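What follows is a pair of complexes built around chain A, which joins chain B in one and chain C in the other.
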Partner chain A sequence: MSEASGLGSSREVPRPAGPAPGTSRTDSPGVDDRGWTAAVRRRLDGRLPLEEVLPTRQPAFVGSWVYVFGVVTIAALVWVLVSGCVLAFMGSAWWHTSSLGHFFNSIHFWSVQMFFIFMVLHLWGQYWGAGWRDGRAKTWMVGVVLFLISIVTAFTGYLIQQNFDSQWIALNAKDAVNSTGLGGIFNVLNFGQMYGIHVMLFPIALTLLVVLHIVQVRSRGVVRPIGDPYVPDSGESVSTGGPR
Partner chain B sequence: MSARRPGIDKADYYRGIRMTPYDLIKEIAIATVGILVVVLILSAVLSSPDVPSATIQAWAKADPVDFVTTAASELSGQSTTAQYGPPYTSGSGSTQSIGPIEPEVWAGVHIPVDAPLDFVLQPLSQATVGDQTLASALNTFNDASAGQQAKWLNAYTNALGSATLVDNEVSVPSGSYGPVPILMSRLLSLARSGGLDALLLTSDHFYQTDYTKPLLFMNDGGYFVGLAQAQDLTGSQWGMMNETGRYPGQAWLWLYTLWYQIPPFNTASNGDLLVVVVMTILSLGLLLVPFIPGVRDIPRWIPVHKLIWREHYRSMTK
Partner chain C sequence: MNGPAPYLHWGFILISLPNLILIAVMVLLFVVALIAPFPHNRAKHRDDDDE
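Let's look at the complex of A and B:
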């Protein structure tokens, strides 16, 4: 199957060029479009103006229920992070000795469950809609990396609960990690190492990648439905496949 | 419509598509509040699991014969941990490879564990203050040849098969065990007091966060596995995907855990490495879906998209 007729067409959609480097877009006094800062601002402004970050109009097909999953995933992540911050601030033993602490742990626990449920639904939704079409392959790939990092983050969360689950999961997981030769630098039996990774490194990576993923989605917009291809001025279809 | 910004081509991309009003902030706000309500209800009604951690102290009190049997195997160097291999020991009891590919061996020992010394002799040597009998027994054991130590331990380990509890002490038929019964008896007492839990954490530093040694020691016994079996957590029960109680656990690990339930993974001595390799390949496949012919075309062949964009296709027909 040729690329032009497959769903894998991730060809870049032609973009009108922005203003030439060094040319001013404004005559306002004190504004200079030269230099690195101006170049970054031009690039950001060109790729992601505020009207795209916070759109007030969307294609009608975005009304489909499948688009809810991504938003709800982010909503769940908000509560994962909020409850995680409270648990981290109060210390690792707090939730074992305080009913309020246990309640916050439950919020963290169920937020994570919601996060995964909706992330998986979002992933399946994007797969069956072939969301990588028309130059969106990188968006798909960042989403998959997010999914994989989320799994490792949740796994380290289970390891630092300081209860029987964390003991058992750590002892089960060590053999798989050790078999890769990484057991010496990623010791699942080392609470201190897993704690630092779970409460800082992975959440930072996760948050940054979520922001990047959202920027990617907002920058290009949602992909057109399968079978309703985008036909640029050249007349060549780049969004293909779907029902014939 | 306002003038198009440089670099943005959506007006062109969505040509022919009906545009409708959309309130992103409102949608996010509703989703965030909605999720909070659901999470609060689930937290209030179902709570979350928190089965207390197992301790060596509890083990020594609940099953002293199993504890002593495990300690004897550590001292004789016959335990799983003692023979594990990298990253803990230089052995090869648990190393895994695929043909010439031996990542564990290549990585080497990074977390050295000397089972006889770390789990038995070192903790006992720290408990000799005021216990001349123990100090003497330790000296006798340490001064004996390796062959003599092995004879004592073999005889004692065999005798443990018919061990009984007398006055809460592990009693074995009389035999030639040298100082081993005294060492085991004192280690059992130390464990029952909770002292061994602390001593296995001891390092050169005041603060402790590394539980590698006490966890490995507990895992060598039957008591800890028994607790897991009672909670339906063992590998044949879908292992670490589950968690204590009737909670969902790490359901997202279902595919990873699935391989451990089926041949050849559930019988192969290198099953962990095989599963890791399979999951790495599958993960790369998921990452590269947009570039894999066939896989990327399935959404066109199986028209789930007609359900996703039902309204859109209906409007196109009109």
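Let's look at the complex of A and C:
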């Protein structure tokens, strides 16, 4: 039952202090605008307006195949995650013995190959284009962390294949990891630990960081080519400017 | 696929042939991406011209 039905007036429930319907709370003078929720809201309002998060236009310089590598990497990651969910649900006996299991195992393997190939191509594009310019250092660093997490995730994937290959890799990697001093907390011979890291911790971290990476790119816009005369002011985004 | 891959060895560089081919293909793909024309939305450009 809605308030329009008269329930509120019959019980004389005092209306909580706040803006009138249809107005923003922050627009009302005298409203307490402190606290972490208000701070997060102000930050999101300022940094992530929807017009920039979901733009319909991009600058003309984005019309290059080099800028496709990033989204192809994300497409490959989607295939990795989908095929990985199927493999985790069905189990190693299935992916080693049935033809459909082999198929999904192959999809998982080759989509990981595509993920790494296009991630490295994306990295080359951003490196040679100095993609960290104009306040995009954090975007670059999140990309670096993504690259490192991806390597460890792929490595743990090799370790949990449940075949002789994975045993051979684990036995050799044991010495390498021990030599770094991390063997006490990262035991490559511990299948349960490697399996949990591969199917749970790192994929979640990877997915969340990819979302953060995309939001960072959207909030700042695609970096302009080196030598472009236009220098944006601090805080100004160029992602929705359209062809210039 | 089950046999060991052939390896190429020049001085301190030691690389398997499949890895070398893959790196060469990636470099080629990167160069093509730089120089290949990107398809543009012609209808969109016509709209821009009208504005």
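We adopt the following convention: the second predicted complex is superposed on the first by the 191 of 244 C-alpha atoms of A that agree within 3 Å, B and C clash if a C-alpha of one lies under 4 Å from a C-alpha of the other, contacts with A are read in each partner's own complex, and residues count from 1 in each chain.
The rule is simple: a contact is a pair of C-beta atoms (placed from the backbone, for glycine too) under 8 Å apart; a residue touches a chain by one contact, two chains touch by 3 or more.
A quick note: this is a predicted structure, and the numbers were derived from the prediction, not measured.
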### Query
Which holds for A:G181: it touches chain B only (first), chain C only (second), both, or neither?
first
### Task
In the three-chain superposition, say which chain, chain B or chain C, touches more residues of chain A.
B
#### Entry: Partner chain in contact with A:S64 - chain B first, chain C second, else both or neither
both
### Query
Once the shared chain is lined up, is A:H96 touching chain B (first), chain C (second), both, or neither of them?
first
### Message
Between chain B and chain C, whom does A:A154 touch in the aligned arrangement: first, second, both, or neither?
### Response
first
### Query
Is A:L121 in contact with chain B, with chain C, with both, or with neither (first, second, both, neither)?
second
### Task
Enumerate the residues of chain A that count as touching chain B in its complex and touching chain C in the other.
63-64, 66, 68, 120, 125, 243
### Message
Looking at the complex, which residues from chain B come into contact with chain A?
### Response
2, 4-10, 12-15, 17-25, 27-28, 31-32, 34-36, 38-40, 42-44, 46-54, 86-87, 94, 96, 103-104, 106-111, 209-212, 215-216, 218-219, 224, 227-228, 231, 233, 235, 239-240, 243-244, 247-248, 250-253, 270, 272-273, 275-276, 283, 286-293, 296-297, 299-300, 302-306, 308-313, 315-316
### Query
Which chain C residues qualify as touching chain A in the complex?
22, 26, 29-30, 32-34, 36, 38, 40, 48
### Query
Which residues of chain A touch chain B in their complex?
1, 6-8, 10, 13-19, 45-47, 49, 51-52, 54-64, 66, 68, 71-72, 74-76, 78-79, 95-96, 102-103, 105-111, 113-114, 116, 120, 125, 127-130, 132, 134, 136-137, 140-141, 144-145, 147-148, 151, 154-155, 158, 161-173, 175-176, 178-185, 187, 189-193, 195, 221, 224-228, 230-233, 241-243
#### Entry: chain A residues within the chain C interface of the complex
63-66, 68-69, 117, 120-121, 124-125, 243
